[in-house]
Each structure stands twice: as C-alpha cells, then as structure tokens.
Amino acid sequence: MLEALRAEGITVRFGGVTAVDHVSLTLKDGEILGLIGPNGAGKTTLFNALTGFVPAGEGRITLYGQDVTRDPPYQRTRAGMGRTFQTERPFEELTVLENVLVPAFLKTKGRHEARALALEMLDQVGLADRAEQPALDLNLARRRRLELAKALAVRPRILFLDEIMAGLNPPALREMIGFVAGLRTQGLAIVMVEHIMQAIIELSDHVIVLASGKMIAEGTPQAVTSDDRVIEAYLGTD
Amino acid sequence: MKTAVVAVIVAALGLSTAAHADVEIGVVNSLSGPFAAFGERYRTGMELAVEEINAAGGINGEPLALVVQDDRSEAQSALAAVEQLSGQDVPMIIGSYASSITGPMAQLMTRQEIPLLVLGSADDSITKPGSDWVFRAKHNSTIVANTYFDFFDWLKTKEGGEEMTTVAMLYGNGAWPTSLAERGKEIAAERGYEVVGDQAYDQGVTDFRPMLNRFLSAEPDILYIVSYAEDGVAITRQMREVGLSAKVIAIDTSAALPSFPEQVGDLANYVATVVSWSKDVQYEGALDLSERLKAKTGSDPSFYEAEGYLAVRVAADALTRAGSTDRTAVRDALASTDLQTPVSTVKFEEYDGFKNQNPIRSLVLQIQDGQHVTVFPEDLAAAPVLFPAPAWDAR
Amino acid sequence: MSELVPLLQNISNGLLIGGVYALIGVGLTLVFGVMGTINFAHGDFVVLGMYSAVLFNAVFGWDPYISLLIAVPVGVLVGIAVERGILARIADAPPESAMLATLGISLIIGNGLLLTFGGEPKSVQVSYASSTLPIGPVNISIVLLLAGLATVLVILGLYMLLNRTEIGRAIRGTAENRLGAELVGINTKRIHSIVFGIGVSLAMTAGVTLIPMLFATPSATGAIFTLKAFVVTVLGGLGNIGAAIGGGVLLGLVEVLGASYLDAAYRDAYGLIAFLLILLLRPEGLFGSTVKRV
Amino acid sequence: MIRHFTVLGIAVLAGLAYPHLFPNALTIAISVLLFAGWATSWDILGGWAGQLSLGHAGFVGLGAYFVAIGQSDYGLAPWWAMMLAMIAAAALAFAWGRITFGLRGPYFTLSTIAVAEILRMIAINEGWLTGGATGVFIATLPEPFGIDLFSRVVHFHMALAFSVLTVAIVIIISQSRFGYQLRAVREDESSAMAAGINPVVVKLKAFMLSAALVALGGGIYGIFLSFLEPHILFYLFLSIQIALTAIIGGRGTIWGPSIGALLLIGSGEIFRAAFAQANLLIYGLLILVVILFLPRGIFGEIQRRAVRRRYARSTQG
C-alpha cells in the first residue's frame, strides 16, 4: 500500500510554550488514523501543522512522497489534502450548493462540471434537498455534513477530520460513523481528531495519543485504550 | 405628497416651464459644500443688484429675475445645472466661485455657445486663452499678483523701503494660491526681487511653525502669503509666536474677510491684502453701495458681495443693449460692454494672451486699528499706508 | 550653534504638537480597544468640541477652557446616546457596519454644523493666543503648552479611571474578554455606552483645547482630525491608551521635522508614510507590547 | 445568468432611448452611469472580495490624468491613454495590494486612505507630472469617425458603455470559478484555503480588475469634465462616495451598486434643487437607515428575501 502521509519530528512552539514536541507519524492509503488526547494536549495544533494552518517550527511532512513542509494550506489542498474545521465554517452568505461549489471548482474546469460535482457531494452527505438553502440557516448536524461535503469536493486523497462527531445525538453519531467507514472503502486515507471514543474504536486502524504535546502511546485502538500511560494522562489531568 | 415628489423630480430634471414674462439670467453658485460661505456673499450682492435694476425699470421694461442653481461646490453638479438652465433657455449664465467648477463650465458653455460671465473664479486659465463666450469682469491671478508687486514697488519709494529686495512666499496648494504664487515668482524675478523662501502647504495643515521658522533665518523684507480662507488666522497667530517680522506682510484671501480682524485681533494690524473692491474706495457710489449691502445683511460687506453685484450689473447692461435674449446677441453685447459701476469700470479686452477679460484695477487694503482701509493705488486710497510694519516685539 | 537652536525649537514644537495629537487620538483608541469599533466620526466630535467653545465664547464670553465644564459632560451624554441609539443596535452585525455607521454620523455632524453655523471659519480670540514662554533660546507657545498640559491631565485622569475605579475595572475586563466579563456579572452593554461616551467626551475636550490656536470649519476639518487620530493610534498601537501618547509625539516630531528639513508640501505624507510602515512592519504599534493594554 | 443579461439588455435599450427622451438631463445621467460603473467596479474588491477600500478616487484621478496629460503633452488619443491608464492602475493596485493585503479588516481600510492621500499629495505637488494644483485643460480631442468627443451625447454613450461593461463583467464573474473564490475569501479565508484557494492572489486579481475598471471610468470622467484639478479628482470624499454607493445599494450583488448610484446621485440631484444645503446630511441619514434596517444594502436585502422565498417554495412543492 502507498504511503499517504509521513510526518517526522513535527514541533510547534508558541512563544515559550512547546505545543507539539517532536511528533512523527505515518499513514497508508485507505487507513484511518485516530488522534486522541486530553484537552490542551496539542491535537488541534498538530492537526493544523499537518494541514499547514500553523507553521511547523521543525520537522518534515510529505504527502505521497511530495515534501509539503513549507507549503501553505492551499498548496497542500491542491496536493491532495482535504479538511474540515472543528467549529464549522460555512460561507454563511452563500447557499448550501454554493458552499460546495467553491471547493468543487478546484478540480473541475467548467461551471457545469463543478455544479455536477457539488451536487454529487451534497447527495453523498444527504444534503441534496437543501442545496438552495442559505447556509446560515442550517442546524449543527447539517453544518457538519456540509463541512464534509466541502472537504470531499476538492477530491482529496487524504482527509483530515477535526472533531466532526462532537455534539451529535446518538442516531446522528451512528450515521456519521457509518459515513466515515464508507469513505474508507473508497480508498481515502483519513486522519481524525476525536473525543468520542466510540468513533475512534470503531473506525481507527491506528491511534496516536498526545499529552502535553508529546506522543505518549500509539497502536491499535484496543492496545492504546488499555495503556497505563494513556489512562493516567486522561485521569491525571482531569 | 406624491404630486409634491413628482413636482420636485420634474423641477430637478429641468422640465418645468414656468411662464416667464421676466428676463431670466441663469446663476450657478456654490450654496452648499465647502464654498458655501462665499456663495452666500455672492448671492447677497446679486440679489441687491436685481432689486435695484427692477426698481429702476428692469430690462427694457421687463423685470429681471435670477434662476439660481446650487452647484454643491462641485463641478459635476455645476455642469448638470448648466444643462438645466440651458434647457430653460436662459440667455446667459453667471457662475461660479472655484476655478475647478468654473473651468469645466467654461469648456461646456463654449461648446454649447452660451455666454458665461464669471462670478468668482480668478484663475488665469479661465480667460487665458479664453473663448468668445466667456467673460470676466473681476480680476485674475496676474492682475492680483501685479497689484501686490506694484504696491511693493511703490513702498520702495517710501522712507524705510529703499532696500526692500527679499520676498518669502507661503501658500496653500490649492489652485488659486498656487497660481498666485507662480505669477508672483515670475513678477518677482522680472522686477529684481529675490525669493528667499518658497513654501507650499497642504490643505488642512494647522501648524505653520516649521515653515515660518525656516523663513526666520532668511529675514525677508516682504511676506507674500496666499492662504485658504481659514488658514490666515492660524498663520498670523503663529507668525507672532515664532517672532517672524517683515516690513510688509501681505496675506491674500484670508485677510480680506471681514472676520479676519475680529479673529486675529491686534495682530491683524499692518497686514495688507488685495481685493477688487472696498467700501472706502474712491469710486463714485462705493460707500452708498456698501450701505445698501449692509442694510441687506446687517453685517459689513466684503468684495465678494461687490463682485456678485458687479456681475449682475454687467449682465443686465448687456441684456438691455442686446434688446433680445438671443445668445449670440447677448454675447456681442457683452463684448462691447463699456460700463461704470460703484465696483469698477468694465470693458472686456483682449491683451497679454487674455480674452474677454476686464483689466480691472485691484486695490490694496491694509488693516488699520482693526478696519480694512484702502491704501493703494494712491488715487483711490482712503488713508495713507502704515509702513514699515514694526517688529512684533516692538508693537 | 546656529543650526542647533532651530533644531531645539523644532523638537520642542514637535513634542507639543504631538501632545495635541495624542489628545485627539486617545479617545479613538479607547473606543477601539474596548468596542473594536473604528469611529470615523471621531474628528467630527473634535470639531463639535471646537464649536461648543465658539458658542460659549460668543454667548457668555467664556474662555475655551471654562467651556470644558459643559463640553465634557455633554460629550459623555452625546456619546451614550449615539451608542444606544445606533451602535448598540448593530452590535451583532459584521464589524464594518459599525465603521460605516460612524461614517454616516460623521456626515451628519459635519453638515449639521454647516447648517447651524454657516461655512465661515470660526475661532475664539484669547489674549494668550500668540504668547510664548522663552526657555533659553527656545520659545514655547502658551496655547500649545496648555494643550499639552491638558493632554497629560486627561490621560492621567483616564489612567486613574481605568485602574483605580470599579467602572475602570469593568471597562478593562470588557476590553480583555467580553464573555468573561459578562460571566462575572459585568453589564458589557452598559460599559460600551459609557466607553463611547468617554470617547466622544475626549474628542470634544481635544476640540476645546485646540480652538485658541485654530479655527473651526464644519465640513472638511473633521475628516482631517479623524485621519490624524488614526495615524496616532496606529503608530502607538490600536487600543492602547498609553501608546497614544507615544504615537502622538512620534507623529508630531515626524511632521514638524519633515516640514522643517524636507519639502513642507508633503508634511502630511511623512506622517502617513510612517503610518503605513508601522502598519506593515509592526501592526501592533511601536509601543504595542511594552505598554499595558487597556 | 441569462436572466441578468436580459435585464442588462433592457437597461441598455432604455439607456439608448434616454438621450431622445430627456435631452436636457444628460449630465445627471452621465453622473449616475459613471457612479454606477465605479461602484460596480469597487464592489469587485469591496463587496465580492470583502476588502473595504476608501481609496478608489486615486484610480479615478489616474484615469482622468492619463487622458488629459496624454492629450495635452503627448498628443495621445484618449482610447490609448485609457488603455495605458488601466494598465497603470492594475500595476499600482498590484503593488498596493502586495503591500497591504497582509492587513485585515479595518487596518486594510485605513491603509487605503493613507495610500490615496499620498497619491493626492503627489498629484498636487508634482506639477511636472500632473500640471500641478492649478489644473489641466483638455482643449482639443481627436474626432474618430467624425464623432465629437466633447458632445454630451457622446459622453453619455461612453458612460453607458462603461457601466454596462462593468455590470456584464460582474455578471460573468458571479457565476464563474473566480466569483466563488472571491466570495469564499470574503466569508472565511481559512475555509477558502482549505478549498485550495490562495486568498492573496484572489484579492490581488480583484483589486487589479477593480482598479483598471475604475481608471477607465476616470478617463471618461476626465473627458466629461475637460478641466482637471487634483483636489477634485483625488478627493477622499469621492472615495467615500464610491464606496457608499455600492454599500447602500448592496455589496456583493450584481445590481446593488447601480441601484445605489441611481438612488444616491439621483436623489442628490433632487435634493440639490429642493433642499440646497442639507444634501450631504441626507447622505449621512441614508447610510444610517441602510445600516440599521437593511444591513445588506437595498438590493442585497431584496435578493436575500428572494433566495429564502425560493427555497421555501421548493420545499413546499
């Protein structure tokens, strides 16, 4: 299997604080990597360093063998990355369809092609019937799905999902887990930051645990959740 | 309400066809915006002239009326106003104050062959090279700059003025101050004055100390200052503050306003300024005109009111002689004007590259004891000049 | 030696004018610091202050500084009314809405004054308008000195208000973290009204202290003061009270020295270039990190 | 898109008929059309890309001065001068944007005022470049195909063509990839980057296009005035007026800026006749009314309601 993502010695410092401290990871095509850790562990910072929204002070990131360490976020998107945002960010003044048109234009030429792609993505996340609705009016669960449609419309090979399960009610959560599992079968590599352990356990092939910016454990979900250091990190900080 | 709105729109588009038995003159004047203060003064003068002319029988028996349009102190509105007035078939138009407004008006009206009588603009470029359709009874930058230097030359014949050679110039960067300064520099070179200071400043500057301090070391004999209306007050106060004295202090525009001595107080004394008219000028009827203007507004009139009055008098005279409201006939009548008014004699001439320009005699006023007094030319003077101006600390 | 005296004179003028600029800027920066609103009508409130001094001088013959007794409270009330009536209503709209609203207020004040007072410049003639205080070879303008003193007093007063009073604590809390302030029981809406009131009052105070040396004109001057206030606050650091002094003094020096030793026609450009440079190289302002935030 | 072009076609027909219907009200119509074109061009940057500029008068001045100086000093025909002016404006916008797009929100707006003010001072003080403070006359103009470029009707047609061109460009943009990039950058730069968009490049393109179009209108304005003074053409208030026209009409909409021009310039003309001094006061009040009650501008609110209504209808059926 192809190596989708490799990160070596990623370090991010804010002023005197080291938010992410020499973290390395790899991810193969069609794999799901779960990123967990207590609040303030540096998950989101690592996530943003990987997607380019926060510059990594040290380390190297390659995407399908291509070095993207110095690339800004939009370059990484063009190289095959798609991402969602933890606090959903629809383009509020646009309709649902227009929201997805924006990324859909990345890999398509004409207006009609882009529209077809956007509609396809909306269909995939189950928002096709709301295409003409102003994005501002969507509820939380639908905003999440819109985020997903936007991330998918750039035709990514590797998808970064930032807490897309948070706050969903049980039926919506089930639906979302099923949806992500479906994405894997399409061959997408996925990195997900998540608090909902149920989702991590069901979906991840591989889990990384961060605490205070350092990687303290990695392995299968089962192995990691029974690791003493992980339990300590979660209980100790809370 | 609805009909009122429609009426306003119709009026705005110039579609109204008021029954006019009157002889109507179009007027484009700055009644709002930054030049409104001047526009108001012009209006007073024009209205007085209309009242007088109508009391004396109007234009060949027909009453005279002004169709006034506000230009909001901007060219676009002035052009819209010209168009409206043109649609109302006025025989001629009087306007406006700033040359940035009158310039485009002159261009348009020359094309459309409507006679334009300049109201307030003094920039040379309006009548130089000029056109067959544009007339100016008042002064221009060249006339004013020449008057200042005639005055300086004349002072050189006075005691204490023999060795006056150095001039320092301070002026705003607007059209009028700049053109007056440029003419001034040319004339200074011709007449053997040395320009030892040359400072332009931007509109809105309120601290003139650095520039005045620069002049200090040059010790100029003459200060030649052209300021926006409001700047002269600050310049004079700060001149005193930094201790910049000179034998002659000339401040154009600002010092001519009646409010200048009020606001500057004693410091205003000795300051000289060129105007086209003053109430104490030794023309027949000048004092009388001044009193009529004062009766109309309750305050002391300035040359602005007088110029407004002059414009309407010239227009009425031309219309009377033309005997019709045909624009070409009015233009020809204007061209052959030979008129005596309490403001000035008027005769449109072609000279020195100017066209249809009245070679008006300008006056130098000096502020003496808080009053504007005509001191030059000698034959029109109301009082002798106070010269040289003492140093600030010797006052 | 002959070069040194004018230089000292220019530096002292620059410092004093800088003090005046600081006074113009401090209200703008306070409002921005607490409310995040750039007040485009700030300069028009300065002009309003000038006209209040002109009015009280014309009617009662008061010295401009006496009219502060009325102008300061009136400014607070006007500011609160504007905040309640307009800005508070659009608190949730995008930030440029507030900016545009203040632009509208600016047009209303300027042209309202034009309708009321007419277009001719107005000033107040005081006996000390051109007096100077000689210190060695350098002459210090009395009006500038008074304005400078007023600046120091005002900023000192503001500092005391912010640091020594209950309401000041609430204002600082609101500026730092609005949500947090609300959680500890601060009525941040009320704070916004009060802060805008103080901002307007400061602008009017600046206008009153300026009138002995300047003149009031209704429509154009406001924009010039607003621009100056922007430059001052950006030079110092937006939202930073103490830095307004630094920014004002810096602007005064840049302008006076530029006008003295370079082409005077570009006087305002020197300040604007400094403004752009700071904006680009150090957007937090020159004194942004060294002086405590509001 | 077809709908918008149909409306535009009708507007063009009405425009062509106008000089025959109101031959004595051309100047006001030219003003409306120029402002409609300027505001529409401004809106590419200010509305669609969300970067509020208060410095666009600089580009008006640039266009007008290229035409005037080109004609008087170099005998350059106005159409070439306008083309050069558009290139120069785009180049200026490129440099200007490169420097200032690092700034966000109010900081960007402030920087536009500062840059425009510096341009104004250059125009006034550098007489060799601009003819200086005393202004420049356009005394002669070529007569292509016997057309008198000083004629009001010709000015009207030029202004009409200019405003129609800007609106047509915006109609095309609104449906294009670029249009969606602009809106994405306006709404949320991070999210736009996640969609593979480089915000700085998008904003630069918008600024350059906006500047070039405004300069084109400025060239027409120069011919129309035929007497230029830097104080008038680089005036801060002109920048504010252009921005307000678009904002009151509705930012980021196709028709908003034109509606704003019709309303503001048209009503300004009525106030000029009817209320004399208070016209700018009324501008101020209008802004407040729009901000308080129609925060998306007049056309913006209409459009939004239409979108909501259309959606509501589609869910019923």
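For clarity, chains are labelled A, B, C and D in written order, and residue numbers in each chain start from 1.
FYI, contacts are C-beta pairs under 8 Å (C-beta built on N, C-alpha and C of every residue); 3 or more make two chains touch, one makes a residue touch a chain.
Being a predicted model, the structure only gives us computed values, none of them experimental.
Enquirer: Would you pick out the chains that touch subunit B and also touch subunit D?
Expert: The common neighbours are C.
Enquirer: Using each chain's Cα centroid, which is most distant from the centroid of subunit B?
Expert: Greatest centre separation from subunit B goes to chain A.
Enquirer: Report the chain closest to the protein's overall CA mean, measuring from each chain's own CA mean.
Expert: Answer for the innermost chain: D.
Enquirer: Could you work out how far the Cα centre of subunit A sits from that of subunit D, in whole Å?
Expert: Chain centres of subunit A and subunit D, defined by C-alpha means, are spaced 42 Å apart.
Enquirer: Give, as an integer number of Å, the spacing between the C-alpha centres of subunit C and subunit B.
Expert: The answer is 36 Å.
Enquirer: Taking each chain's centre as the mean position of its Cα atoms, how many Å separate subunit A from subunit C?
Expert: 48
Enquirer: Subunit A to subunit B: how many Å between their CA centres?
Expert: 73
Enquirer: So which bits of subunit D are touching at least two other chains?
Expert: Correct list: 121, 124-125, 277-278, 280.
Enquirer: Where does subunit B touch two or more other chains at once, residue-wise?
Expert: In subunit B, 32-33, 36, 173, 200, 202-203 touch at least two other chains.
Enquirer: Would you please write down the residue numbers of subunit C that are in contact with two or more other chains?
Expert: Residues 114, 219, 265-266, 268 of subunit C touch two or more partner chains.
Enquirer: What graph shape do the protein chains here make by touch: line, ring, star, complete or other?
Expert: Here the contact pattern is something else, fitting no line, ring, star or complete shape.
Enquirer: Which chains are in touch, pair by pair?
Expert: A-D, B-C, B-D, C-D
Enquirer: In their complex, what parts of subunit A are in touch with subunit D?
Expert: Against subunit D, subunit A makes touches at 51-53, 72-74, 77-78, 82-83, 85, 89-95, 98, 101-103, 105-106, 111, 114, 129, 132-134, 150-151, 153-154.
Enquirer: Give every residue of subunit B touching subunit D within the complex, in rising order.
Expert: Those residues of subunit B that touch subunit D are 8-9, 11-15, 31-33, 36, 69-70, 72, 74-77, 79-80, 82-84, 86-87, 99-100, 103-104, 106-108, 111, 123, 125, 173-175, 177-179, 182, 200, 202-203.
Enquirer: For the complex, which residues does subunit D have touching subunit C?
Expert: Within the complex, subunit D contacts subunit C at residues 52, 99-100, 102-103, 105-107, 109-111, 113-115, 117-118, 121, 124-125, 236-237, 240, 244, 247, 277-278, 280-281, 283-288, 291-292, 295.
Enquirer: Of all residues in subunit C, which touch subunit B in the complex?
Expert: Counting only subunit C, the residues touching subunit B are 2, 6, 9-10, 13, 17, 114, 118-123, 125, 129-132, 139, 141, 213-215, 217, 219-221, 224, 255-257, 259-260, 264-268.
Enquirer: Contact residues on subunit D for subunit B in the complex?
Expert: Result: residues 22-28, 31, 121, 124-125, 132-135, 137-138, 150-152, 224-227, 229, 231-232, 268-270, 272-274, 276-280 of subunit D touch subunit B.
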